[in-house]
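Notes to accompany the following structure.
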Amino acid sequence: MAVIFALDALTGAVFLLTTLGVVANRQVLASLQLFIAQSLLLTFSAILLGIATHSLHLFAVAAITVATKTVLIPWVLRHTVSSEVYRTREIDRVLNIPSSLLIAAALVVFAYAVANPMLSAVHTPFAKINLPLGIAAMLLGIFTVVVRREAVPQLLGLLALENGVFFAGVAIVPDLPVIAELAAAVDVPVVALVVGMLTRRIHVRLGTTSVGRLVALRED
Amino acid sequence: MELAGVLFFPALACALSLSPLGRHGRAAPITLIGSVIVFALAVRVAIAAAHGGHIEAFGEWLTCDGLGALVLGLVALVAMTAALFSWSYIRVRAAHGGKRKEQNYYGLYNLFIMSLLAVPILANVALMWVAVELTTLLSAFLVGFEDTPEALEAAWKYVVLTTVGAVLALFGFLILYWGSRIAGFEPFTWVGLVEAAPRMPPALLWPAFLLILVGFGTKVGLVPMHTWLPDAHSQAPASICALLSGVETTTVLYVILRLFPVVGGVPTLDARPWFICFGLLSVCIATLLLVYVRDFKRMFAFSTVEHMGIILVAAGLGGAEAHLGAAYQITGHALAKSFCFFSAGSVAMTFGTQEIASVRGLVKFAPLSAIALAGGAFAITGAPPFALFVSEFLIFKAGIASGQYLTIALLSFFVAVAFCAVLYHVNRMTFGAPHGHPTLAPLPWSCKATLVIAAIPLLAIGIYIPVVLQNLLRAAAAAMGG
Amino acid sequence: MATRILYNLLQVLFIIAVAPLVEGVATKLKENLQSKRGPSIFQPYRDLWKLFHKDEIVSDYTSWIFRAAPYVAFAAPIFVALLIPVLTRYPLFFAFMGDMLGGGFILALGGFFATLAAVDTGNPYGPMGASRTRMVGFLAEPVFIVVFLTVSFVAGSTIPYIVQLRWVTPIANFFEPSHILLMSAFLMLILAEDGRIPVDSPSGAFELAMIERSKSLEYSGRGAALMKWAGAMKFLVLICIFLNVLVTPWGLAAGTQPIEVLVAIPLVLLKILGFVLILVYIESSLAKLRLFRITEFLGAAFVISVVAMITRLSEI
């Protein structure tokens, strides 16, 4: 048990590192790869918790995560968005990387502050690791959506946010009904598909995927 | 079995619209017939719910109570009028988009309606979340239907922001599930949550509530998460605007209102100040934006933000009277706002612009649209004899009776300013002196028909509320914990 | 007592003697990885030998600082070697003199003198390299401090001998997130401090792109040899702190028998070889960052160290 706990903690640490990577790297393709790594770590955490809590649901979650997030979504994104986008090196962003990283650190601190009262209210062993790190990944995902201007990295921030929810979720609700699990799992690739197709249309119509620069509609 | 039918017929209509049967413009009548059937079923559900019956189908998977039936009925009604409006409107708009464009529109339209209808009747809260998320995803391409840079920008903001909100709400629901499991195994339904709430640790219930309020508040368009709403609600085709503004916002707001009795079960927590704060902030900012608005579809979008705020304030005031006002406001808003967008769409089609400054002397060039626009503006701002006048009056009365003077003073001030702002703009459009001679496009027949047909319920319930509807509204208010 | 002093001197000798070898191995492996033959691993010794036998030229315009700097830079790692565990798990005779922070200060002193000397020469490249080194330095400083703070939170001490045992008792501690994060942050620090890719290119010969090495361009003969040797020793000392204190104490001598200490030498060398392999892999797979991107690199290190501290503070 102690070893599983330690391994889960390690998984959590690397999970957080990959999420920081999604916030702070410069290349679209690297963002995608970091997202895949993050999903694999989510899977690993689900398997560990599944072993520890003898929950078959979590193995289902792991299987679904691998199928959708490491295979299906990258495939969808590669095929809907033209490869020109992935060759982009410098991602257009609102804040420079050092400032974003400092804010990211503050967000992680905040995540722990938010998680603490919840953790002290109830006793769920693995939530101690997964809940704060999941919340941190959520905040970092939202932050990515805010600071990125390119379409695909914004979407990856959104997906990282979703991974954060599930990372916390596997620890706090190991027995969510499978139908809900499945439905949520179907939902994620649909998000990727819809956003990917939208990106393609924006690319075709406007010749850019820098969605942050679309400011025709605003109050003035 | 009505509840199953409510989900089945849109799916069938979608399949038929996309199949070869839907070619040569036949998708429009198919969709219209489907939505009429759905509306009839929804009315049966609503009548049963008004009589206090508990409706369910597929065992426990689909259920419906007063509040659910109200939302269900409104969605079905607006889906029907919007389908009628689409008939010739979309034919004109899709004329350059290739053969499949119209069929695709109706396929997505029916799926979108299905997801909207699923929200109030799915018993499992996790599945309901999926339905809410699907409303966004299925309507994304409807918002971007015009394929202009502005429409695509609006669609992008719409999908990304509301999905971020929905994922936050998902986390809130997971925490709720966690809490209900700790409280002892209740089914993960609204009824189960209300029962489990008193035994849940407040440290879990409270963050869950806030997450869902902020997350779904994004989709409702509460300030400060409203930034996408005026874009999406002004760039989509008018029929979709009517659905987005008239019922999609309300459908999501329904979920937030459902939380009210859950949080109310814990004596140490009080959701009401949050409802009132968010509500008043939304009303305030939306009113200010209404004054400066330059695009008339945007104007109605801001008015939606304002109305969501009013409903939230009404729920936050507490008490049966205020909740009845909220239920009534939901009804009035759905009818009036969809009508407003139909008329705004007609005006935009006739004049080929959405700019307020470019439309003058409407009453001379397009009298039907002019009457509809002015009537819609009166209805939406709460002028008598329309329903929103009665509902806002009920809300003010309830607030004064319970001694919340400051809230009511602010609310009534903003509502009055919004009234003046909207009527100022509409007055200039309708009666202002026209500059030159604008080139006008003819208004297709189904748009005209919709303007007439959609006006009937709008006028009717302002003047006379049938007993059945009254009972339904009371049942809905009761479900809000009034 | 006497053995402890002896072992302590042995540690110093180890650092002095092995440092050029480590550099030679790193160069050779890197060349091999890039499908080149590369110089012999003993090339740094030959270079030192050659430099010591050459005449030294000192500009008339320099002050005593220029002449003193190589000696200070050379002495600094030696002092640190007295403090840290290089071969043994237990503190040796001089270890009481300072903790990890003390070691950091001594290394910083050597760097400081090298920087002053670079400014002293009047060579245009010297001050440029000096200012760049300071830029990297002041970005790395907060990371160093946070890493040491975190370590002291974890182990309740900044004495390296206490810290190193904390990671492996019990073994589950090794997998602590804060430990893993600390290791990654410190690895990035070593890369920055020693002027490795992606921060600086150690083998580059283009003065305008240099950071670390342009400081000693003006030295010749004995001064150049000392500076070169000092750099190699500083690198080895950092590796020792990283491997022995922050990663694990495995391979270090646990007992006081001379044979144990002698066996520790090849084991530590093996550990260092492993580290050099990782380093070479990193250096070959990354490109050098542009100067103003270094802030991003060290910013990432800073965030990782802060996260390490947070995960620690919240008792994970």
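Labels for the chains are A, B and C, by order of writing; each one numbers its residues from 1.
To be clear about the criterion, a residue touches a chain if its C-beta (ideal position, glycine included) is under 8 Å from a C-beta of that chain, and two chains touch if they have at least 3 such contacts.
Every value quoted in this text rests on a predicted model; they were computed, and no experiment measured them.
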Chain located farthest away, centre of chain A as origin (C-alpha): C
Most centrally placed chain, judged by C-alpha centres: A
Approximate Å spacing (C-alpha centroids) for the pair chain A, chain B: 30
Distance from the mean Cα position of chain C to that of chain A, given in whole angstrom: 36
Distance from chain C to chain B - Cα centre to Cα centre, in angstrom: 64
Shared-contact residues (touching 2 or more other chains) in chain B: none
List of chain C residues in touch with chain A within their complex: 170, 172-178, 180-181, 184, 295-296, 299-300, 302-304, 306-307, 310-311, 313-316
Chain A residues touching chain C - in the complex, by the definition given at the top: 2-3, 5-7, 9-10, 12-14, 16-17, 20, 24, 96-98, 101-102, 104-105, 108-109, 112, 115-116, 128-129, 132
Residue ranges of chain A in contact with chain B within the complex: 114, 117-118, 120-122, 124, 138, 142, 145, 151, 154-155, 158, 161-162, 165, 168-169, 172-173, 175-177, 179-180, 183-184, 186-187, 190-191, 194-195, 197-198, 201-202, 205-206, 211, 214-217, 219
Residue ranges of chain B in contact with chain A within the complex: 124, 126-127, 129-130, 133-134, 137, 140-141, 144, 147, 149-150, 152-157, 159-160, 163-164, 167-168, 170-171, 174-175, 177-178, 181-182, 188, 201-204, 207, 230-231, 234-235, 289, 292
